[in-house]
Structures are given as structure tokens and as C-alpha cells.
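Given below, in the form of C-alpha cells, are the structures.
Each of the two complexes below includes chain A, the first together with chain B, the second together with chain C.
Right, the complex of A and B next:
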């Protein structure tokens, strides 16, 4: 019996200890969570380590570079913006755990740019930012589901949806490759299903469609794709997959001397990531790619010039690529949203500000933002260009031809929108 | 060795339940969530202890069996709108069935071959979800156990509800497991682990014995997977990566793979390490590269230290030392 009493005592004291520890940490409440007189805290989770991290792990550094620049120039209404970054290793369990930490322990005002569809779905289901009233700004996925403002009222996407991208790509193909034999490689999940929906809507007929299972993309599988594509004599092949699939497809086809006109989807089209996977820049040459941001090599573009200067000083020696540009742009748009949320911003006033004024926020993209009370989708279009011999995506003849559309049945139209001049010094006005 | 009677053990488990009930009321929401995660790991690690520590078979693919359980629970919830308890039961049965199939193969394998087979399972199985539409592909499926009953009060949080469910399931599972370990089966597993030839000579059917261990272990893994799916609200291939299998194995080694007594140690370590690493990194203002890799470094260091100094786990070590002292 003595032994049991001791055990009872131990468990009882453990309970007391835990209770005492946690009761002691109740901070004074400010006007809004994550907002003090001198600071606004934002948080993000994304893969910083692990197989999915290459390319994406530059995004936090890029965003911090912009926020540091902003803070050095007075911040937003005298408040510094700080960004807390957590590594989720592209695993939903980690994404949920880290997001809980950001919201419950670090007490961030809003989440920004969380990455990956599965992770965002898990966070929405488990952490449920909507129920907690926590804004989720500019999620890095084109899954059209997140555009549902009823289901995800506090979530704002920034990328065009995959349906939009496919519809726009279809229009580009009709304009440039009419009558050619078409092939498609796509991921057989929501990502690819969304794309197929878009292509079907646009009335595109593929001579050959090759689905692949996410995680299966490698040289061996890609050899199978190439066999199917070349058997169908496809002249134009769309690679609508993640970076690793694009790299596997391009690399294997080059090794097998199969050279159709490639068209790369935006998700898998980042040249730095493809090159990092061992594909020589020469293989990318002349492939068609899509983007909504200006070419990262275009130093005549005022945003590219300013952002690349800021980034070079903040993270010396790191290449200024599309991930960096989009990361800094998201930070810049977030800064404007916080500014528009008033002198004492709250989570609610932040979201109200994006709903009311988001469409007029300045951004580096060559297309306007579409935020409103009923739409939480950021950009709605793309321009197409070709990869240079060094692997940089550039507009053909130096001219951006912009297409826009919606996720539904709306037509694809060429956009005549002119981006307004950048606010002075790239700071929110 | 002095053993507690069943009645006393039941009393201790009830006491633990009461303690957990009070803890859930006293700590903040993040700790409650972490508590639920600890419960998930406890069951997962226990499944490895049963398999490896007791029956002497190595599995590097426990994460895949968690996946089977998670998907089974989610599918039965989505398609049949089954009550959560039924979902968990289906998860356990489905994973146990998968484990039985695997066990039949495993009984013919040993050492590196078994490790290799189970490893292949951990790598391959989750991507099956991409092959069949009804499994939801890379984005996965939702697993919604619903809101806590209103009778628990307005401000009863979702995570507290998860924590209660997970803790109760874990207490029942561990109590059951202890009983199994003390039964004829537990003793024959130990005999096989000690020396399989001797065990066979003593009349123990090796194949049936090993297959049974695999089946029961898989059932526990299935429960752990269903609980995991509940805490993150979804199932998807990326929720059951190879790293999960290795984490559970690490947890089992830290806990002491031959006794159930320390199972909580491994689970708490796995959940606490990222927090500790974060605190250390911010105290020393470390660079991003250090911050990102510190958790992995800490776990590896702990693992090496455990294997070097307390190879059977801290609990077993303490007991051995105490017995040594008593015997002297």
C-alpha cells in the first residue's frame, strides 16, 4: 500500500505543478491580440526543412527583408511589423501544431502566407482560424476551395485559382498553337482536377493526358510519360504539376531526345527550383511559362528594382527569384492592409479594410487585386513568356500580354489594365 | 518483482483519469492541444513497444498503419456518419486486419528483412491515397468529430474535447495492453524475444505468436492514427510521412522499448522538444538555420545518450537499480 500512496502523491503533485505553471502566465490584454503601441505580430508556417522546402524556404527571408525595410522607415503608424516563422516540414500535423503555437502562445494578430493545400485544409479544420476570428492572409495555394468566403470567411488567397490558370492557358494555346497536337501531364488530385475543369470548359482537346500521383514523380515515372507523349506525337505539352514533376519531365525528355514545345504551369514553373533539381537551364530554354508578377530580371520595373535592392542588402548572395518577389509583394500588400485598418487596427478592421479597399492596394503584379466583400481571391490572371537561355522567364518581345478570367464560366479576356505607379519608396501610403 | 493487483491498477488508472480531468481545466488551450497530441503518441509508441519490446519484431513502418486507421475512421465518418466511438473501433479493426496480413509475411522475416519490408510500407502506403479518388488524393479528407456536447458548457473548447476523447481512449488502450502483456500471450512473446528456439521447444507456435503481436500492435497503431486524424481534423498522405514512423520509434527508444511504464516519457519528449528548441534558439538569438535544425539535433542527441547510458529506457534502468540494491 505504501507504494501506491507514493504514486498517488506523485501524480497529485504533478497536477499541482502543471496547474501552477500555467496559471502564472496570463499576460495583460491589449486592445487587440498581437497589437501593441509599438508592434504588430504576424505569423506564418511553411516548409523550412524537408523535401518540399527548396525554393519556398526563401519566402520568410524575403518577407522579413521587406518588413525590416518598412520598420526602418517608420513602420505602419509607428508600429513595427514582426514576422514569426515556424517550420511545418510540409506535414499537416506540424502545420496544425505550429499554427496553434502562433495563435495561442505567440499571440499573433494574423497568419500570413501559409503554404500548401493539405496543410491549409488541416489548419482550417483543426485550428479553425475562422471561428477564432483570426485573419489568414494571402495563402500560398491556388486550390479554388479557399475562395469560398462562407466556408473560410477569414481566408484571403493571393494566387489565381488553378481553374483560372487552365482557362487562361487554353486561350493562350488557341492564340499561339492552334491546330497542334496537345499533350498534358497533371497531378491526379484536386490540383489536377481543377486544371482539367478549366481546360474542359475552354474546349481544349488533348491527344494524350498523363496523370501522375503526387509523390511518384521521378525519372523512372517520367520516362513513362515521355513514352506516352511521344507515341501520341504531341507537339505541345503542358506540364501542370509541382516543381519536382516539371523537373523530372523536362530532364527525362531531354535525356530521351524528346523535344516538344513545353508549357509549364505556374506552380512548377520556378526556374531556380527546377535548376536546383539538376535540370540544365538550356533544357528550359524556349519553354512557355506563366506569371502574374513582372519578370524578376526586368530592372526597368520599379518594384523589381526596389525589391531586389532591398533583398540584396538583407540576404546577401541569395538569388532574387520569383519566390522572393512574390514573398516581398505579399508583405507589401499586408503592410497596406494594416495601414488601411486604421490607427488602432484590430483583426476585424484588418479584414474589413481588405474587403473595402483591397482592390485598390498597390502591388508589384501586372494585374489588379480583386478583393471585395464577396471575393477573397487575389489576382485573376497571367501573362505568358518564354524562358531565356539562362532560365529566366521573360515576356516574348519584351511585351507583357495579360489575360484575366474568373474561376467560374466567365470568358478569358486580354487585360488592358495599367499598373499604377509604385507608392513613394515602396511604402504603404 | 512486486506486481500490483488488477484492482489496484484499475484504481491508479481511474486516478490518472481524474488527474487528467483536472489538468484539462487548469491549463491553457495550447497545452490542452499538446496534451491530446501526447495521448496520440502514447498509443503509437505503445504499439511499437508491444511489437518490438515484447515480441522482438522491428517495424519501421508504424506510420503507415496509423494512416490505415486514420483513413478508416475518416471514411466511416464521411460515408456512414458513424458516431466517433464506432469510427475509432472501425479504425482499430481495419488497421488490425492490415497488421494481420503484414504479420503473416513478417513472421517469415526477421532482422533487416523485416525492417526493410516495413520501411517500404511506410514509404509506399500513403501514396495509395493518390491512386483512388475516394481517398481524396494529396489534399486528403476531412475528419470532423463534431463539436463538444452543449451540456459541457459554452466555453468548452474543441481542443479540450479532443483531449478528453484522446485521453480516455489512451487510458483504456494502455490498461488493456497491460492486461495483455501480463497474460499468457505476453509471457510467450517475452519467451520468443528472449530465445525463439527455446520458446518453440517449449511448445510456443512462433508464427501464430508473431502474427498475433503484429495484429494487436497494428490495432493500437490504428487507434493512434484515428486520434491523430481527429486532432488535425483531416487525413492526407503527408500527415503520415516516413518521419512519423521514425518519430514513434525514437519515442519508443526514449521511453524504454521493453517496458510500458515509461511510455509517457517518449510522448512528452516528442511534443516538448520543438518548444524547448524554440526557447533555446530565441534565448541565444540563433540564426534561422540553427532554429530550424535544433529540434532534430536535440532529439538525435537524446536518442544517442539514451542508447549509450540507459539502453532499456530510464524506467527500466531505475527499476533494475532498485532491484540491484534490494538484492545486495
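Right, the complex of A and C next:
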């Protein structure tokens, strides 16, 4: 018999007593909230209706299409993934209310792909997923602040930050539009502030900067932008806003016969959405755009091919666009994270798995994920392309040239990373 | 007479109700250390008197008194008279009163609960009105002693109170833990400095943007000071009325300062400036009728909650809090001998860093936010900061205050969007108790190492958050918001239902008897049945801005 000394006995009994106390005060429950033997429940908020919804409201359908495909192929360790979707209309207070519902009423295991900088900040402050230990996976915002793991310990970004995007865009401008008069339209909140930070850091000077308040974008407002941009004789104009702002800017400018060289930020650069808003493809033609994922028309890409096939079957008649690709990709990465979290995943094991293995998760993007114990940053770069006569974004000269940087003072460099082959059938291994 | 049958008990309860109703509208003659003088009536006798500091009190004791008495502390009452027609809520005017209040608002159903179950109730009108934490504790201690002397079979003393009465109750339990067996501070005020900082921030913001003739503090003594305070009330309510009328146009009041007019010229809507003032001060962005979520059908469905509703909520909350903000400031200034609000070192940019992102659209974007914060910069001579009187502020710092220590079983209940006693006051207690519990557990483990017996500390705090409905702003057929309905739960000040009060009362009684609370599941069930109460342990209310 092992002899325990007195000190050990006392400590052990105290620990046991504490454990008993804890057990007595915590109600018995399943292994983890949102996880049963047959299902894992995820939840997301985003604008399904309202001014900012165009384009982004396809993301849940895209994610569900992938999860349905995954579930039809056995799910993750036998569990099906279900996705609860709530419409926040891009209103932060709505996002708070809807997130509360997802966590407290629907009891989701994790939040996934919530959209919008202000909305995510409001949720972080009011709902406090970090305090609750709720993972916030792959937020659909490039606000660089969410990479702060001390302030947002359970949040994982996936999009490159707006600072990164602006820095990389600045390099493109210097290489291709040196000496031109530059104009910028940006959302007058942290989304835009992040972009301004990147442009400033890269030494870009704008002849005119036109902020717009979130929610104010529309044809009437855009007419004011055009007046300012044309008055400043801007040759090159960057539209760094949501899709509805991009569409309003392009459409109104075309109507007013103002035709600078457009550069579209990735957030608002989805061609399908812009065209759906009534902007003719010809207006998009030759505009410059950026993406971290392969072109959605590139059927030689194995991810694009697989995801577009899945989506076509799940949502017949809906165009496969960048929002769809990014949504399906986030779902695919989430599936790998859940798989890596073990046979009985918990919120904690899910986050531990991303921290430990996230950098090696497969994804459609042409850049690697940067997850680790100290980094919750997803992708960190872009390639540039031009919109074709039919309005499709394609890499310049048909070749992806990837640039990468950080949200700080790091240089913009070409990426040499080669994407590994897709796992069999696009399923987590 | 001992009440034994159900019928006679029912009759007794009805009688008690009538008595309570009578008592709360009567003002006993003021006398020093008199009583309690009891009428010896059955089934409930009423005892009246005054404490040695002149506070009139009432005790109501059922014939079948079981040894438990509940001491109620009422909330803040203005300490100067207000003329008729000044406040919509009291059109006939306000007269200072020290009428005893033994139960919240004279609610007969609550009285029935205690008296019908053999428990006594009592409460005073306190010796002075206004901010009276110091004297109220003295009064309450004396009152408990007087009750025990008059009713020697007393076994349990419970204390509860609302608003100022909430902090009186909490501080009583901190200072005299053996005097009370369980307490329930409800919609509890924070300490005077954080409360008056919030009040001062609102008044200073309104003054700086919308009417520089608002004094906002540093009132004169005596009648002149009363006139200044009343003048401020009129000016503030006028400004708020003007802002309400121009909420859609964004026009600024005619009384606006040069700083305000410059912002108007720069295209900043007045509603955004008002919202910024509210965020600087920590006013909730949900109010009686504005949830900052709903919009009318049609073109404003999205724009209204995004760009307008938060400002209207702040406006409604400011209107609810303004009179108290002014009169409490004046009262405390008189008590400590000078101006107590000082924002010479306040960094308003830091104050709104988070909320400016969340309410960016309603604040009209970063450009407008930066313009407004720039205008409020101390370097702008058009926005002079308020400087407090150092001696007066030091005296204020020495006034009675809660340390947030929990000594006895404590039930707190508070509205998450209360603009007068913000939920952050309760959050501060929650935070302090979390640290206290960790320390108690550490101490218990350390003790167990010596005694070989681990005795877990008893959980002594339950918080019931009165939450707002998911969405509650309603609109008429023209799309205009309806503001004639009662305030939504969780909003305004101490907007609790009788069921809410009874839930607290029952928990307090049970905890007083057992020294502990039931399991979390039982508490959650009781809260749910009560309506609009939540025991979500992860909910976190923002602390008052003073603590930032």
C-alpha cells in the first residue's frame, strides 16, 4: 500500500472537498454545450436583410451546403454539424440580441463567421463570449484588433486584416499607378480606420478621402462621393467598403459619367453581388480587385471545382461567387477544427486544437493559416487581379502572385507558399 | 388574537393592506426618540415613533409574529420643494416628505406576503432627505434596536431597500453584519462619487454642447442655490425637448454653445452629440420605449435602430435622470461645502473608445466622433472643464460608502438599463464578491491543511438581473415611435413588478432562515417564473464610468 504523508492527505482532502463543492454547484449536463452524440450545433449572426446584406446573405447557405455535404459523408466523428443563423441586419445591438439567443437559448457550441467589425465588438463587449468560454470562429471582418488574443482570447480571425490589405494594395498602386491622383472612399468606422492605418503606413497620399457612415450608403450618398472625387480629379479611386457601398459608388459614378480607374477592396469586391445590385459588368471591366482565395471561375482549382459542384446541387440557380467560396471554406476549416478537437469535443478542446494544429489545416486559400497558441490570425495576404468583360475577377496575366505582410510595420513581400493538395473529397482527415 | 383559520388569515391580510395604504400616506408628527407607540390592533398592530435623530418610523406587526422582521429603506427623495407644473411626473409640484415607507412603494401585495406569513415589516422616512447614507444607517441601527426591544421574540432581521435604499441596505450589512440575517439591495446606487461623476458628465456635456448657461454644479448656498438648481432643471428639460423635436433633422437647439454651433456647421447632427454625451456618462442606450433594435416598417426599418434609436434612448434616460442629477449634486455640495464634480483630467476619448465603435453609425461615423471629441478637448476654450473644490471633494470621499463586501446572504436585483442607478453598481459588488469568494476558498483550503477538515465557504450572493425584452419599441401607423406606454422591464428606475419584489422577498426570507441559498437551478426557476429576471452568471454590466 502506498503510504501518503499527512500533508499530501490534507491537500488531497481539501482538493476533493473543493471538487465536491464545485460538482455540487454545477448542474449536471452533457459533455459540452451544443454537443450531443449525434450533433454539433454552431451559430452565426450576419445581415440577412437590410442595406448591408447583399452578397453576405449568401454565406450561410454556402456554409450549410458544405456542412450538408459533410454530414452526408458521415459528419465529424459521426456527429452532424448544424448551423443556426440569425439576421442582425448589420446593426450592432441586433447582433448582441441575436448572439445572446444563440448562446443562451439555442445553446450553440461555438459562434462561427459572425460578420462586421462593430457587430463583433458589440458582442465582445456585451455578450462576452470570452468570459463564457465560447469560441468565436473565423470572424468575417478584417479588423486587425481582433487578433489581440488578450482582449479576445476566444476569437479567431480568418480574413487578412484591413491593414494588411491596405498595405498590399499600396504596393500595387506604387507599382502600377505611380504619379496618379488618388481618391479613397471608406467606411467611417474601425473598418475604414484600419485601412487608413495601412495606407498611411505604406506612405500613400490621397488627394481626396471620402468617408461614409455605415448604413448611409446608397445612390444619393454616392452622388456626393462622386462630386468630391471628380472635383479632386482623382484618376484612381479605391472603394474600401461593403458590397452595397461599392455597388452604389460604381453605379452612381457610371450614371454621372465619372470613370476613374477603380480599385475595389476585397470586402465589397464580389462581382456577383455588385452586378446583382444593377451595376453593368462593363462598369466593372478592368477594375482592380483582390482576393486570398482562387478565382471563383477557375475550375482548374480543385477546391473551386468541388465547392462549386456541392453548391450547385445544394442551392440550384445561385451563382458561385466569392462570398460562397469564402463561406464554404470557413465551414471546411471549422470541420477540420472540430475533428482535431477529439472524439468528444469541448469548447476548450476546439480552441486548443486550432491553436495546436490550425496552421496545418487544409483550406482553399492560396495563403496559409497562421494559427498558433499565440496567434489567432487567419490569412495574411492577397493576390491582385482585374475584372473581365463579364465581371469576373481574374489574376493579372492569368497567374496568381501572392503578397503577404502583417498588421504592423512589416514589409510587403511575395509569398512563396504552395498550397497542399486538397484532402480526399474535401473532407477533414 | 391568534389567527388560525384560512378565512381569518385572509381577513387579516386585507386589513393589513388597508393599514399599509393608510400609513404610507400619513406623515407622523416629528418628535425626538419617541415610541414605538403601538395601536395594539389585531390582526396587525401598527407602531409609530421617531428615532433619536428625528426619523419618523412605522412598524407593522402581525398578531402571529413569528420573530422575523423586514426593514425596508426607501430611495432618494428630493430635499427641496419643486413648484407645480415643472415636472410632468409630478404636475402638482413636489414637497419634501419624510413619510415612513415600510415596504416598496406601499405595495399591499408585498405587505400581505410578510404580514400574512407572520412576519413584521418596518421602515422609516429617515431624518433627512437627499443623499443620506450616513444618517440612514444610524437611523436603521436604532430602528432595529427599538424593534427588538418592543418585540423581544425577534429572531431574524432582514433588510432590503431600493436605489439609495439599496446602498443603505448593503452598507448596513457591511458595517453591522451581526445585525441582519439576510439583505436585499435592489436597483442599488453606487457610492456618491461615481454617481455624481455620471450626473456631472451628463450635465457638463449638455451645457458644453447645447446650453452654456446651465450651471451643472457649484450651486450657491440657500435659496439662491435652490433657484439655480431649479433653473438648471428647466434649462436641461428645455434642451432635451428641443433635441427631441429635431431628432430627425439633426438641428441644434438655439441655445447651443459656439462649440455646438461649430459642430452643427460641420454637419454633425445634434442627436449624435447627445448620444456621445450619454455614452461619455455611461447612460444606457436602451430606455423606457427605445430598444435600439426595432424600426418602423418601411424605409426606416434599418436606419432607425442604427442611427436614431440609441440617441432617443439616451434622451429619454437623460430626462429620467436629469432632475435627480441636479438636485443630488446640489444636496451633496451643500453637505460638503463646495463643488464636487471635476472633469479636468477626464479622458472622454478613452471613455467612449468601445462604444464609439458599436454606435458608430448613430454617432455619424469616425469623422463626426473625432470632431466632437476634439471639441470637448480641454485645450478648447469653448469647452471649459469643471473644476471641483478639493476640500469638498475630500469630504465627499469620507462620506459613508459601500466596500462591496458581502457578509450575510444577499440578494440583489437591478435593471440592466437603469439610467439612475446603473447596473454597473451591482456589477461592482459581483466583481468584489468573486474576489472575496476566491479569498475565502483559499483561506478554507489553508485552514483545512491544519485541521484536516475542509469547510467550503457558503455562497452568499445571488443577483437577479431585470432584463429588457428582446424588442419593445412600438410604432404607430405613421411610423412614429409610441412613448405613451409603460416603461419596458429592465429600463427606467427600479421598474420591478410585484412578482419580482416577491421573488426577492421570498429568497431573502429563506436565506435569512437558513443562512444560505438554494441551488442555482431553483433560483433560476424562481427568476424565470417571476418574469424578466435572469440569473445569467456570465452577464456583465458595464461599471460606472468613474471606475474607467
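As a convention for this text, the second predicted complex is superposed on the first by the 398 of 429 C-alpha atoms of A that agree within 3 Å, B and C clash if a C-alpha of one lies under 4 Å from a C-alpha of the other, contacts with A are read in each partner's own complex, and residues count from 1 in each chain.
Here, a residue touches a chain if its C-beta (ideal position, glycine included) is under 8 Å from a C-beta of that chain, and two chains touch if they have at least 3 such contacts.
Everything quoted here is computed from the prediction, not taken from an experiment.
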Practice task
May I ask you to decide whether A:61 touches chain B, chain C, both, or neither, giving the answer as first, second, both or neither?
Solution key: first
Exercise for the section: Answer with first, second, both or neither: which of chain B and chain C does A:71 touch in the superposed model? Expected result: neither
Exercise for the section: Have a look at where A:388 lands relative to chain B and chain C in the superposition and call it first, second, both or neither. Expected result: neither
Practice task
Would you sort A:91 into first (chain B), second (chain C), both or neither based on which partner it touches?
Solution key: both
Practice task
Kindly classify A:176 by the partners it touches after superposition: chain B alone (first), chain C alone (second), both, or neither?
Solution key: neither
Exercise for the section: Report for A:149: first if it touches chain B alone, second if chain C alone, otherwise both or neither. Expected result: neither
Exercise for the section: Quick one: classify A:201 as touching chain B (first), chain C (second), both or neither. Expected result: neither
Practice task
Return the residues of chain A at which the contacts from chain B and from chain C coincide.
Solution key: 7, 11, 14, 18, 25, 50, 89-93, 97, 101, 104, 117-118, 121-122, 125, 128, 188-190, 213-216
Completion exercise
chain B residues touching chain A in their complex are 2, 4, 8, 11-12, 15-16, 19, 22-23, 26-31, 33-34, 37, 126-127, 130-131, 136-140, 142-144, 158, 228, 231-234, 236-239, 241, 243-244, 274-275, 288, 292-293, 296
Completion exercise
The answer for chain A against chain B in the complex is residues 3-4, 7-8, 11-12, 14-15, 18-19, 22-23, 25, 48-50, 60-61, 85, 87, 89-93, 96-98, 100-101, 104-105, 117-119, 121-122, 124-126, 128, 143, 187-191, 213-216
Problem - chain A - residues contacting chain C, complex - result: 7, 9-11, 13-14, 16-18, 21, 25, 27, 50-51, 89-94, 97, 101, 104, 117-118, 121-122, 125, 128, 131-132, 188-190, 192-193, 211-216
Completion exercise
Seen from chain C, its contact residues with chain A in the complex are 285, 291-293, 301-303, 305-307, 310, 354-355, 357-361, 364-368, 441, 444-445, 448-450, 452, 454, 456, 459, 470-471, 519-521, 536, 538, 540, 542
